[in-house]
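Quick one: the structure is below, questions incoming.
Chain nomenclature is as follows: A, B, C and D, assigned in order of appearance, with residue numbering initiated at 1 for each chain independently.
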Amino acid sequence: MANLIAGRIFGLICLLIVMVAVTYFIRRAEKGKVPKVRRIAGIDAIDEAIGRAVEMGRPVMAAHGIANLRDSTTGPQTIAGLSVLSYVAKKCAEVGTRVIVPIRQPEVWPIAAEIVETAYRMAGKPEEYQSTDIMYLSDQQFGYSSSVMGILMREKPGAHIMIGAYWAESMQLAEVGATVGAMQISGTAQVSQIPFFLVSTDYCLIGEEIYAAGAYLSNEPALIASLAGQDVGRILAVALGIIGSLLTTVGIKALIDLTKW
Amino acid sequence: MSFVEKLQNIDRRWIYILAWIFVLYPLINPLGLPVPIQKESTAWNKAINDIPDGSVVVFSCMFSIASIPELYPMTIATFSHLMTKNCKIIVATFWNDGALVFDQTLLKQIDPATYGKVYGKDWIDLGYAPGAETAMRAFADDMVNTFPSDYLYSKPTSSYEIMQNIKTAADVDIIVSFESGTPGVGEWLRQWNTPYGTKLIVGCSGVSAPGMAPYLQSGQLNANLPGLTSTAEYELLIKRPALATAGVDAVSMSHLLVVLLVILGNVGYFATRGRKS
Amino acid sequence: MLRRIEIPIALTIIFTLLQTIPYYFRWESNLKLVDPIEQASSIASQWVLLIVAWSIFIGVISLLQVHGKTVQKRSKGWHYSIIVLVSCIVMAIAGLPFAEVGLGIKNPVYTFLFNYAQSPLSATVFATIAFFITSAAYRSFRAKNIEATIVLVAGLLMVMSNAPLFTATLPVVKTIGQWIYDVPNMATNRAVTIGGALGLVALAIRTLLGRERGYLRGGGD
Amino acid sequence: MVELITLFGTYIAVFVTLGIFTILYKENPWYRISESLFLGLAVGYGVAQQMLFVRDQWAGQWSKSSIMMIGYFLALLVGIMWYFRFSKKYFYIYRWPLAIIVGTGIGASLRTVMIAQFLDQIRAQALLNLWVPNNIWPTTINNICMFVMTPAVLLYFWFTGADSRPGFMKYVDKLARYTMMAGFGSAFGYTVLTRYSLFIGRAQFLLGIPPNLAEGYPAFIVMALIMLATMIGYDLMQKKKTTAV
């Protein structure tokens, strides 16, 4: 017979609430009721940046971070970056601008190539797709970053879009991108790197905004629906925190005891 | 181009040269600037001092060789401090460089034998296990089988006296971890602190320090030693001045340079902007 | 049949549940003291480590492919590719765990390369970022609007509070720095931590429902 | 006198250290040599570490019973599946080990994430006492700030239900952004500390400050002169060529 383990029951309840909420919204979205997502400033800037690159006659560089797809905390950032890439590639294919995609993780390469190729096919220009522009560089962090810096200097892109998980190399990439005069749009959920993106790029998507941007641009029901499910958990967290703190202030420990259930 | 405009556009190579000067000069001619003791290092010192006699400590170098310059001084200082305590130490790591960092660099500085510590009885070096969080989970559930042999002599772990009464995370009193990223504090909390309630203290690189704040505030993390400055303070507290103390003047000077440059850039920015409008 | 995407999806779901369920439920059995599911989950997590270890040659193969091709074609910079290949092969062979024939982590070639080449190299690569930060701070840290000013002021105070030069002469800097660390920084990171937990649960649900196929895409089908 | 091998090693270490630093001037052969060496060594090193683990595991626990042995060889078989990704026809097989790893990874995090990252953080938030009479500054004030700021940042990332967003959210968003900006300032400050600490560590090595070897210092001077001379000399030659043309 299965028994619950004391001290973990309330955690299990919270887990079930969020799980049920996410499942509910996914099911609902698949029946056609997709929740609306708030528009984020940086998203509009993507169109602007591509337009600018076209005017200048320069290519667009669209990167999706350096994380793999497997890691439980950074994988979702790569997924968000790839969703943005699919939007960028579609736009670029429509207006006929080259799109360069630098890649660090070998396992992401076929996916990115497929995304860009599909975008060109959908735009009716399959012959304009260049597989050499989807560049696998190096699976070494700084091998990757030094190659990207080199490409930035040689190709001088008009737009440089970096959305995904970045670590120490964020600084190098954003700095070099700024020196070659690209309009830069960045976004990462790695808190330690946000300040650098914030100061040295034109638009920066902060933290979870990248997931919203990814879901918004990809229009994939499951992604958008899980945002709605997460929001249920978010409200749960805010409510528990506020009520608990007020109760603590007046000396009632009931909620704290409940969480230790 | 006017002088203020030039101030905004100094070639980056001049800035690089300034950075070299501001770091090398105080290293060659130590300035002996005062180092005020702050609360982080005090808390760390206390956390180590308060480890009760006979405790079991997991000591973990969770960083790559790239982070040696920043994390190595605090690792040495803490290890030497632990050597003076009456506790059993299990060295293990989940970063693939961690084992060599400990073996090749730390053991050359500190020989546990000089503190009367016997290998296999008072301390043991288990080395590295791949698999990050999964491995840390396995280590918590079954220590001997996750590291079947020790790192220094490649003998079966179960044959050592120290491991006779230490089987799972429940037998460990405190984790002392030095880290510069993932896996690190989050994984220790998820796989050790939450299920087994093992105490955790973490020395980390500066970059990781802001992420420690919520865990410190919630009490999941008992103490945190962030970066080189705090290490220098800690070295002074345990009266064992070493690399961090030698480097702290350079920290001061380089930070001074950053502050000056930011101010300089903004002066130029506001001067030219005022003129344009 | 084997090609079906359902196979890997089913494997993912089984292994996810195997890790999660025993944490919340205990299987009560009169026969054994140890919970069989918990034990299975623990062994599975160790077994998976072996599979992870065997993946290491993927990196080697792609390195050999890329640099081998460069050398073969005598493309630009092929001399450097020779250095890459030779250093990789020497390091890998010297470090193979056959202590019986003198290889492994105690092998002198291996420790030499580790101590005098790999260790300084990776530390230095990270150290160069100090220079990029300095020039970026000078070039782009501008008080353009309120938000940028907050980052700038908080950042400068934090830089000062980390340097004994400032904290010794102006102790108030440390007080403010500590406040920034303890309050706004804590609030930001706590919210991000909670948000991250929710994101992970959502990812797990999508996986369990078979909707998250990102990691299985690519290479056709 | 140090051993010859150590002296030689120190020169190599100084060479690669400076080689990487030369990128600050511009891309050049010294940098490329050091970088290539780095690339190769890192991969080779990974192989050595993982194979050691595989071997230790066998000796340690998997060779103890026949069931365990089967498990070990099963893992080897599954491990071989990784390499089907290089096959055009059977590439899909490599998804199986990937699925096992992903499942175990997600499962291991999902186990405790709700408690370690969600509930424990909320409990800490709920423990904030908003009125500590004998400690107005800093405890009470800080607690009130945290009481307001954490939910504000959490709600800032509330993306769905765009139409039904209440009007006061405008102020919440503003507070959240200001909080985050200050928080990012702290990330900036600590990053500066880290990067300079690393550079200082390398500088201490170059200057031969103990416990680094004292031989590092003369090696530093010699190598630095050689590299600077070659790079600047090369640049001057290039300049002369272009002006001559």
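The rule is simple: a contact is a pair of C-beta atoms (placed from the backbone, for glycine too) under 8 Å apart; a residue touches a chain by one contact, two chains touch by 3 or more.
Given the structure is predicted, the values throughout are model-derived calculations rather than measurements.
Novice: Both chain B and chain C are touched by which chains?
Specialist: Output, common partners of chain B and chain C: A, D.
Novice: For this structure, which two chains have more C-beta pairs in contact than any other pair?
Specialist: So the pair of chains linked by the most contacts is C-D.
Novice: Compute the centre of every chain as the mean of its C-alpha atoms, then state which one is farthest from the centre of chain A.
Specialist: Taking each chain's C-alpha mean as its centre, the farthest from chain A is B.
Novice: Approximately how many whole Å separate the CA-defined centres of chain A and chain C?
Specialist: About 17 Å, centre to centre.
Novice: Using mean C-alpha positions as chain centres, tell me how far chain B is from chain D in Å, no decimals.
Specialist: 14
Novice: Can you work out the whole-Å distance between the CA centroids of chain C and chain D?
Specialist: Taking the average C-alpha coordinate of chain C and of chain D, the gap between them is 6 Å.
Novice: Can you give the whole-Å distance between the Cα centres of chain A and chain B?
Specialist: 30
Novice: Touching two or more other chains, which residues of chain A qualify?
Specialist: If we look for residues of chain A contacting two or more partner chains, we find 8, 11-12, 15, 18, 70-73, 107, 142, 168, 191-192, 195-196, 198, 207-208, 227, 233-234, 237.
Novice: Counting only residues that touch at least 2 other chains, which ones in chain B make the list?
Specialist: Within chain B, residues 16, 19, 66-69, 99, 129-130, 134, 137, 145, 154, 186, 195, 206-207, 209-211, 214, 217, 227, 229, 251, 254-255, 258 contact more than one other chain.
Novice: Scan chain C for residues touching two or more other chains and write them down.
Specialist: In chain C, residues 19, 23, 45-46, 48-49, 52-53, 58-59, 105, 114-115, 118-119, 122-123, 125-127, 129-131, 133, 135, 137, 139, 141-142, 151-152, 155-156, 159, 162, 181-182, 185-186, 188-190, 192-196, 198, 200-201, 203, 215, 219 touch at least two other chains, as defined above.
Novice: If every chain is a node and every touching pair an edge, decide which shape results: line, ring, star, complete or other.
Specialist: complete
Novice: Flag every residue of chain C that touches chain D in the complex, lowest number first.
Specialist: The touching residues are 2-3, 5, 7-9, 11-20, 23, 43-61, 63, 77, 80-81, 83-97, 104-105, 110, 112-131, 133, 137, 146-147, 150-159, 161-162, 177, 179-198, 200-201, 203-204, 207, 215-216, 219-221.
Novice: Show which residues of chain D lie in contact with chain C when the two form their complex.
Specialist: 5, 9-10, 12-14, 16-17, 20-21, 23-24, 32-57, 61-62, 71-72, 74-76, 78-80, 82-83, 85-86, 91-93, 95-104, 106-114, 117-118, 121-122, 124-125, 138, 142, 145-146, 149-154, 156-157, 177-193, 195-196, 198-199, 201-202, 205
Novice: Which residues of chain A touch chain C in the complex?
Specialist: Checking each residue of chain A against chain C gives 1-5, 8, 11-12, 15, 18-19, 22-23, 26, 69-70, 72-73, 75-76, 78-79, 82, 106-111, 113-114, 136, 139, 142, 168, 171-172, 174-175, 178, 189, 191, 195-196, 198-200, 207-208, 211, 222, 226-227, 229-230, 233-234, 237.
Novice: What part of chain A is in contact with chain B in the complex they form?
Specialist: Of all residues in chain A, those touching chain B are 71, 73-74, 167-168, 191-192.
Novice: Under the touch definition given earlier, write down the residues of chain C that touch chain B in their complex.
Specialist: 19, 23, 42, 45-46, 48-49, 52-53, 99, 105, 111, 114-115, 118-119, 122-123, 125-127, 130-131, 133-135, 137-139, 141-143, 152, 155-156, 159-160, 162-168, 171, 174, 178, 181-182, 185-186, 189-190, 193
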